[in-house]
Structure formats: C-alpha cells, structure tokens
Amino acid sequence: MGSSFSGALVPLLLTLKVAGWATAINLVLGIGAGLLLARARFPGRDLLDAALTLPMVMPPTVLGYYLLVLIGTQGPLGGWLLQHFGIRLIFSWQAAVIAAAVVSFPLVFKAARAAFETVDPQLEDAARSLGLGEAAVFFRVTLPLAWRGILAGLLLAFARALGEFGATLMVAGSIPGKTQTLSIAVYEAVQAGQDDVANFLVGVTSLTCIAVLLAAGRLAPGRVLARG
Amino acid sequence: MGSSFSGALVPLLLTLKVAGWATAINLVLGIGAGLLLARARFPGRDLLDAALTLPMVMPPTVLGYYLLVLIGTQGPLGGWLLQHFGIRLIFSWQAAVIAAAVVSFPLVFKAARAAFETVDPQLEDAARSLGLGEAAVFFRVTLPLAWRGILAGLLLAFARALGEFGATLMVAGSIPGKTQTLSIAVYEAVQAGQDDVANFLVGVTSLTCIAVLLAAGRLAPGRVLARG
Amino acid sequence: AELTVSAAASLNNAFQELAPAFEAAHPGTKLQYNFAASGALLQQIAKGAPVDVFVSADQATMDQAQAQGLVKREQRRNVMSNSLVLIVPAASTQPPRSLGDLAQPAYQRVAIGLPASVPVGRYTQQVLQAAGLWTAIEPRMIGANNVRQALDYVARGEVDAGFVYATDAALVPGKVKVALTVPTTEPILYPAAPMAGSAQPELAQRFVQWLLSPPAQAVLARHGFGQPR
Amino acid sequence: MDDTALRPGRSATRPAPPAATEAARPPTWALRLQRRLRHGDQTFTLDVDLTLAQPHMALVGPSGAGKTQTLKLIAGMARPDAGRVAIAGRVLHDSAAGFSLPARQRRLGYVFQDYALFPHLTVRQNIGFALRRGWLNPGRSADAPQVERWVKAFHLQAIVDHYPHQISGGQRQRTALARALVTEPDALLLDEPFAALDRPLRQALRRELLDLRAEVAVPTLLITHDDEDAELLADAVVQLQAGRVVSAPEGVR
Amino acid sequence: MDDTALRPGRSATRPAPPAATEAARPPTWALRLQRRLRHGDQTFTLDVDLTLAQPHMALVGPSGAGKTQTLKLIAGMARPDAGRVAIAGRVLHDSAAGFSLPARQRRLGYVFQDYALFPHLTVRQNIGFALRRGWLNPGRSADAPQVERWVKAFHLQAIVDHYPHQISGGQRQRTALARALVTEPDALLLDEPFAALDRPLRQALRRELLDLRAEVAVPTLLITHDDEDAELLADAVVQLQAGRVVSAPEGVR
C-alpha cells in the first residue's frame, strides 16, 4: 500500500463512487419512505418505522453477513439475479453500494420523516387550490420546505457511507483497485500497525468529507421561515 | 456463552446502560452544538459543522484507535485522569459509553441544528416580550418546537449506540459481564461460527431496539404545526 | 482475584471451555477474557489496558509487544500450534489436489486473509510465494478481513476455494471440505506471555504454564489445535 | 353521474354555464354542508344549507361562527360529513353521489385568512405560482403579463423580490389576493381579504375587484367584518352563527 | 447612565412615573428611531421622530409604511441603527448612551399582527404563559384568576383547550390580546388587534380595553386601519408614510 497521494487516489475515487451512489439511492428511497410514514396512516405504522431503523442498530459486520446471505450467488436475490440476468453482485463495487446504502438508509429516512412532518399542510392546500397535482405540490412546496432537514440527513448518510466498511467488506470483498475503499484501506493500515499510512489515509478521508459537506452546504436554501 | 435468554441478559442490560448514557450525553452535547451552529454566526461556522460530522465518516475501528490514543493511560486525557484521580477509563464500561457517544454524536447534532433552524424566531421574540429570560425561552418555546426533529436524531443515536462495536471493542475490550455489549457478543458469536447464538442475539437486539423506539415514539408531541 | 487474558479471536471457543478447569485448579481466581484480532489486542495493551496475559495468534505481533517491553520475554511460551488448510465448498466436485491446481480456470475466486493485517493471510502469501504461485493467484484473491470471513465465503459457496486454519475448517464440517493441509514455511505457533505490568505476575505466569499442561492441551486438541513444537 | 361532463374544459366565454348544468338557470351558490369538529369533549357543528341566485355573496357572522370552515369545505380542503356543493350549476361535491372533485380541479381562487404564502418563494414567484405548470417553481425573475398586471394593480412593484417574511401584513394580503386572481378562477373565495389594509388601499382594491368582475363575471364569496365591504361588493349578505345560517335575505340588503 | 435606576421595581401605583424620569413631566411617547432594511437593491428606510404627551396613540398609515417595524423597534425585537425610546420617562433604548434594555425587561404587552401564538400550547396555556416563571410551561389545566378573567372577558371559554391551529382567526386574535394583557404591562403595543373581529365583538373588546385603562392607566400604542378604533381608543393619531411621520397632531383629532 503506497503512502503517497497517488496510492490513495484509487481507493478515494472508488469510495466517492460508492458513497455517491449509495446517497443517490437513499435520496429516493429515504425520501419516499419518510413521506409515506409522515403522511399515510395505517396500522403498524410505528412498527414499520422502527423496523426501517434496524439497519442502524445492527453491527455492520453482522448486517454484512445477512446481506451476503441475501445477495450472494446462493442467496434468494443474488441467485435470482445470476440466473435470470447473469448478474453477479457479490464482490463487485455495486455490492459495496448496496451495503453502504442499507447501512445509511435510516439516516435519510428519519430525517425526511421529521422534516415532512413540520411542513404546514395549509401551504399544500393552497398549492392544490391553485391547480397543482399531487406530484407538483410535492416538488414545488413540500420538498423545498422540508429540504433543509432532508439535506442534513443526506449529508450524514454520505458521511456514513464514506466511513462504512464492515458490511461493505463482507459483500464486496477487499479487492485492491476494485472494491478496496478508503475505509477498508484505513482499517488495514491500523490493523497492520502502519500508523503513518493510517493517519495519511484518515486525513484524506476527512478532507474529502469536509470538502463534500462544505459544498453541499451551498445546496441548503437560505433560512426558510415556517410562516408565510 | 449461553444461548439461553439469561445468557443474553447481562450483555443486554450492559448495552442498555451504555446506549442510554451515550444518548443522555448526546442529548446535552448534541443539542448544545446544534443550537450553537443554528444560531451563532461566526467565521468558520461551516467548517466546524463539517468537523463535528467527522466521527460519522471514520470507520469505527479507526475512531476507536484514536480514542484509545486519547483516553489510554499514556494518552493526554487518560493520563491526566489516572494521575489526578486514579481513574483508568480503558476497559471500563465508561469507556464504552464514550465510544458510543462519540460515534453517535453527529446524529443528534445534525438533527438538532436542522430542527432549530425551522423554529420561527418571532415566537421566541413573543416569549421574550412576555418577560422570559433566554433559558426559559429555550426550554419553553424553542426546544418544544424543535423536539420532533431532535427526537428523531436521538432515536437514531440510540440505535447506533446499541449497534456500535468497532470503537467500543477497541477502548472497552470485550470482557463478558463487564464490557461485553450485545453487539460485541454478536460479533464474537459470528466470529466463532456460532450462527444460532448470533441469530438469537441479533433477535434480542432488534426487539430491544424496536421496543425502545416504539416507547420513545410516545414522547413525540402530536403533530405540532408550524404556524400559530 | 480476576485475571484478564487478552486472546486472539480464533481462540474464543477453546478458551471458553478452558476457563472452568483453570478456575477449579486455582480457587478464588476468575478468568476474564478479552477477545479481538491480535493486532487490536496489542494496541490496547500498548495504550495501557489492564491486561495480565496476552495470547497472540502469530509471532510477529508478540515480537512487537516484546520489542515495546510490554511482556516478560523470559516467560513467553508457544502454547499451541495450528495448520493452514485449503478448503473448498462441500458441494465442490473436484477439489484441488495440489496448490498448483489453483492456477486452473476452475478457481476464479480464492478467499485469502488480507496479508497486511490478517496473520493467516501472511502465512498463505508466504506459502504461495515459496511455491511460485503468488503472481498467478493474487488477481483471483478475494480479500478477507479475518479468517472467519474467508471461511464464510467458502461455506456459502461464494468463492471456489479459500485458505483458513484447520481449527476454523473444523467449525463448519458439513459446509466445507479440507482439500489440502498446506505445510507452512514457518510453523504456526501461538505465543503466550504474562504482561510486564500485570498486577498479579505470579498468577499470570501460572496461567501461561498451565496452558501447556496435559488437561489444557487435551481441550485445545479437541478444538483442532496441535501441540507446540 | 358522468365525471367528464362535470369537468368541462375552461370555456372562453366565462359567464356561460358549463356543459352539465342542473336546471335552466341554476343558482350561483347551492351549498349544503355538514361537518362536526371534535376536540376533547368540545364539538363544533357546522350545518349550512343555502341556495342563492345572486353571484356575489358576503358571509358575515361572529368570530368562530364557521365562516372559514365553510370556505374550506367549498374549496375541497376539508371533506364534509355530508353535503353537496354546486357553484353556478357546476357540481364540485356530492356526498350522496359519492362524488367529489379534488381541490385542484375546482378552479376556485382562494385567499386564506392568514394568507398562506409560500415562504420559500418571492412575492413575484408566489403570484406567478399557478401559471407555471410542471414540477418546477417559476424562476425568481420569471415574468408573465398576468403577474405584472396584478403587481401593478396592487402596488407591489417595490417588493416583488421580497420573501413573505420580509413584507408587511398588508403587502402579504395583497400578494395572496394577486396569487388567487392570476389563475382567472371560476369563482373567488375570499377570507377577509382587506382586513390588514388601510382605508385608501382598501378602496383601491375594492375598485380592482369590481373592475375585474365587470370584465369577467366571476362569482365571489367574501367573508368580511366590514359593512362597507359587504355593501359594495355583495348582492346578498348571509349571516352565520354557531355553524348555522341565521339570515339569508333574498336580494340586496 | 445608571442601569439600576432605569429598571425600577414594578410600582404598585401604576400611573406614577418610575424612579428615573427625565423631566418633571415626561412625555408618554418619546421615540427617535432610524433603521434601514435592505433587500437586494431595494431599501426601506424608517426614520421616526415623535414626542407625544398623550398616553394613547394610534399609528396609522398605508400598508408597508413601517408601522409594524416601529413597534418591533420599541419592543426591542429589532435594533435601531440609531435612536432612543422612552415611554413615560422610562428609557428603554438609547443608542447614543450605548444602552438598550432587552425585550424581556421592557414590560410591554405586544400583540403581533399575525398573533404569534405558541403552536404547541393550548389557548389557556398561551394566555397563562407569562404568569408561569421558570423553565416549564403552565400545565394544560393550570388555572389562574387573571387567565380566567380574560378568558371570560374575551369569550374564549369554549376553546380554552384548543390549540391555535384549531381555532378561528378572530379567536386567535383574542387569545393574543389576552396573552399580552395578563402580564399587566407598563404599556401596550397593539398591531391591528381587532382586524379579524366582527363589529359586535370589536365593540365589546374596545369596551374591555377602555375598562382596563380606567382601572390601570396603561399607555397604548395602537396600529389600526379603522377610524373608529382610532377615534375611540386614541388621544392622538400619528400618520406614517414611507417610514416617516407625516402628521402628528397635538391633541385629539
């Protein structure tokens, strides 16, 4: 493992790709689930909410093991994909994306639910009476008003995805240049007692994370007041 | 390690103690930091925000390593504690609390910041003009109005603390009955190939988590509307 | 008194079983185990963890501990041995008969502990290098974070073969087949040593010695460990 | 009941009754609305039954009488427990027939008592909100002639780029009014639209409303506490008390 | 300037001027306020200079003239760029002296134009808000005679346990008024306090306000668009336009 910057470049790019995709997936799924639980009333809603939080509570390695069982070539999902599409998920960077997405999903979901619940329903009514369909109401009123809270969740999810390695390592393996993310590299350096390499890689991870968070801060609208 | 329920009871209680304390600490620190960053304007605010998110981005084992450096008897904090108070943090359940608290801190902090930012400042002005001091304004107006979002963060943090083992293992070790939390027990069972024990312990963890989340759901006020 | 033993994770099952015997032989003593990867154990000890005995899965880690003056070098003992095996999924029809067979196209994925951080990976790398096979196998390597992960991959049929310890392969007999026992360039010996900073140096030393006793060795043997040579 | 027939295309000749009418000359307002609001052991019961030929109605009555609730039921923002709503023969809701148009298809201009401006949009974006179709909000500098018209009419030029929390109460009210008028609705539901305005401005806006109605004959339902408003802007005054109509004179009061 | 002297204890004899007065007979309202609000390239400049002997003032003027801003500056919810505020000789703010009382020490009853009720508290809790000291809100069934008094006076009995989003506009306004009056403030700042009320209720509340002032001589500054309000409740009418006082007659108009 090179301690030079170029040595960190490959895992860095891979890490960004994995975390980016995982965050994108959670942008959709987390917002969807958050909206559902904020708005729909159905029996077992609280239970579903708690269940969707479980990926957070399981040690990543254990979660990784369950994911392995699920998406491995012998698993129900992995086997099906392999049989019908010839796709082998396991030990690919896509598997790393799935692991990172699962681990960070509750972060987006919870943040989105809380954010949607603070949006004044009267404003949505106002938009409806102005002729907007439900989708347009969502994208033009609900989402912008909830965005600040959702963004906070997304940033946490991105950070978590950057740092994730327990579950990732399990389903993606650690194939240098293919599935070795920064976190895995850091972990190995620490394990191997290569403190300087570890510190260097942690520095790279931290700087990357800070850069991404600062850039994303720009995406937040100015302070949007609750009342019109 | 017994696979009976009584075998899980000791780590379960320990886990609840550790996660409970960690969440309590973050209730104070996370809300404090969230409020500071939501309200105070100072140069480097965004940078501080990003820096406070870093515990999220570091692989827990790596974080554990840094914590070890900090609170180990040779470390600045650990050494000071040992010298002046004879307190040895490492391998104690208090060390597990510290690890769990650090790992889950960003969850509360980010949620709190986003929640505070959606509170209408005019309501705080109203409370001030009614004679309330800043502390009373905070506890009687700001906090109740932000509570829903903060609670979502606290629940995530609690779940995360329940599931944490990477950093915990590093600083607290895995001493049955003393520092072996449920997650660590799960991890060890998986490592030792005791799949049935692992599944059982995961079941206990999940049920505990769901029970706590459902109970905490009661703490959320009814839907509080943004406008008066 | 409580005796804290930091032991390599792979010793978990065997050591749990040892505890009652030692405690019975030393009334008033309670064993406290702390299991983790050998490297993590060393870091804890180096940072002041109150440990009495350290049992590592490899010589290199114990050497480091010794170099840092953390253990009593004169009381360090090799307490058991293990062997490296090549395993394949139980369903596998044509297991490799020699290491050289791994170069065949049938073995696209081979689980190996990461050589940089996992002792079993280091042993594997040494063996393969000595056999001139490393460059051929390395591109097929699926890195594992620890032995257990390599074992899981093989047991679930996600890889075509894997290198683990004999003790690990014995954990899931129905799911993996041992194709080969691989002679290692250096023997796989587990060293144990009392800590220099132990508050109970005598008891710590007695534990290390007791590990070499016939009753202890019998238990270890049942878990697949061999005598230290 | 044929759903399509009830949703005729926006006709160019506005005063003409839409395709599916009830009788030769339907009343402008045909309202039957029942709704019970419960809170703890308190209940408020709304039970409005009202048929009015006149196009312009003022709804008056003490605070808490149910005026705002009535408007929300007409606009489809709440569901009556039972009832029927038809405006100028166009049926918007009929519980008996199990029929209810969603709020967005009712084509009503609604001015909320507390304005309900979109806090994330500027005054101009708020006013132009309904003109922009699709999933995106109008841009901050998007310009439309209809927006300009009402910005000018309501003297909002100086603050078109302000956000709602940056403008005064009266400015908010005018913005809300403009936002509703821009859509050229089939009917206007106005919940105290001039309450925050001083006398000259109030007069100017009344003028605007009258001008608009001279141009396109749009029926109005106006909640007001101002007798002058009722006199000048309504052909009939309906009084609500404790959820019931207590006086609904035929003809101008 | 002596800080303590400026914050006299709540005196029992209310009309008597507090300890540190300016002159033998200070004017009730002595206001000098300058503030510039910027938004993009738009600026609104408030520049109010006003000394008034009469205790009860009505502040009128077109929408956007700066009436609400003036009130907020007096109440200490915004800081003037420069200026001085003294009510009945009690100095609340003096930029030149670098002195400014925080809002909570100004002892002013403020009724917000948009009410600003606490959405997480019931009507009763809102009204009793200031009576409860400490870090806890009054309980949902906490009862105080002052609260009861105003609940009765403003006919809020039926909805004391409702939350703000469950009550009508007029009910909100009355709740806001009661919340401000309960504290027995040194002066009242009312931003269109009757705008959402129908005529009979408006008259009843005016009566209440006059009764209150007969009991304790509390100065009032009332923003209104209603001439009758101004006539009945104010001794002097001050007109604001584009941020400046354009007419401030001495004596009753």
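Order of writing sets the chain letters: A, B, C, D and E. Residues in each chain are counted from 1.
Just so it is clear, a contact is a pair of C-beta atoms (placed from the backbone, for glycine too) under 8 Å apart; a residue touches a chain by one contact, two chains touch by 3 or more.
None of these values were measured; they are calculated from a predicted model.
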| item | value |
| --- | --- |
| Shortest walk length in steps over touching chains, subunit A through to subunit D | 1 |
| Best-connected chain pair, where connection means C-beta pairs in contact | A-B |
| Chain whose average C-alpha position is farthest from subunit B's own | D |
| Distance from the mean Cα position of subunit C to that of subunit B, given in whole angstrom | 34 |
| Where subunit A and subunit E are represented by their mean Cα positions, the distance between them in whole Å | 50 |
| Distance between the centres, which are taken as Cα means, of subunit B and subunit A, whole angstrom | 20 |
| Subunit E residues counted as touching two or more neighbouring chains | 114 |
| Multi-chain contact sites of subunit C, meaning residues that touch two or more partners | 40, 43 |
| Set of subunit A residues in contact with two or more other chains | 65, 120, 122, 187, 190-191, 224-227 |
| Inter-chain touch pairs (all) | A-B, A-C, A-D, B-C, B-E, D-E |
| Residues of subunit D defined as touching subunit A within the complex | 72, 75-77, 102-108, 110, 112, 114-120, 129-130, 133-137, 163-165, 172, 179-180, 183 |
| Touching residues on subunit D, where the partner in the complex is subunit E | 37, 39-40, 42, 60-65, 67-68, 113-114, 158-159, 161-162, 166-171, 173-174, 191-192, 195-202, 225, 227 |
| Residues on subunit B engaged by subunit C in the complex (per definition of touch) | 1, 61, 65, 68-69, 72-75, 78, 82, 88, 90-91, 169-171, 173-176, 178, 188, 190-194 |
| In the complex with subunit E, residue positions of subunit B that touch it | 120, 122-123, 125-133, 135-136, 139-141, 144-145, 221, 224-228 |
| Residues of subunit B touching subunit A in the complex | 46-47, 49-51, 53-54, 56-62, 65, 106-107, 110-111, 113-115, 117-122, 148-149, 151-153, 155-156, 159-160, 162-166, 183, 186-187, 190, 198, 202, 205-206, 209-210, 213-214, 217, 223-227 |
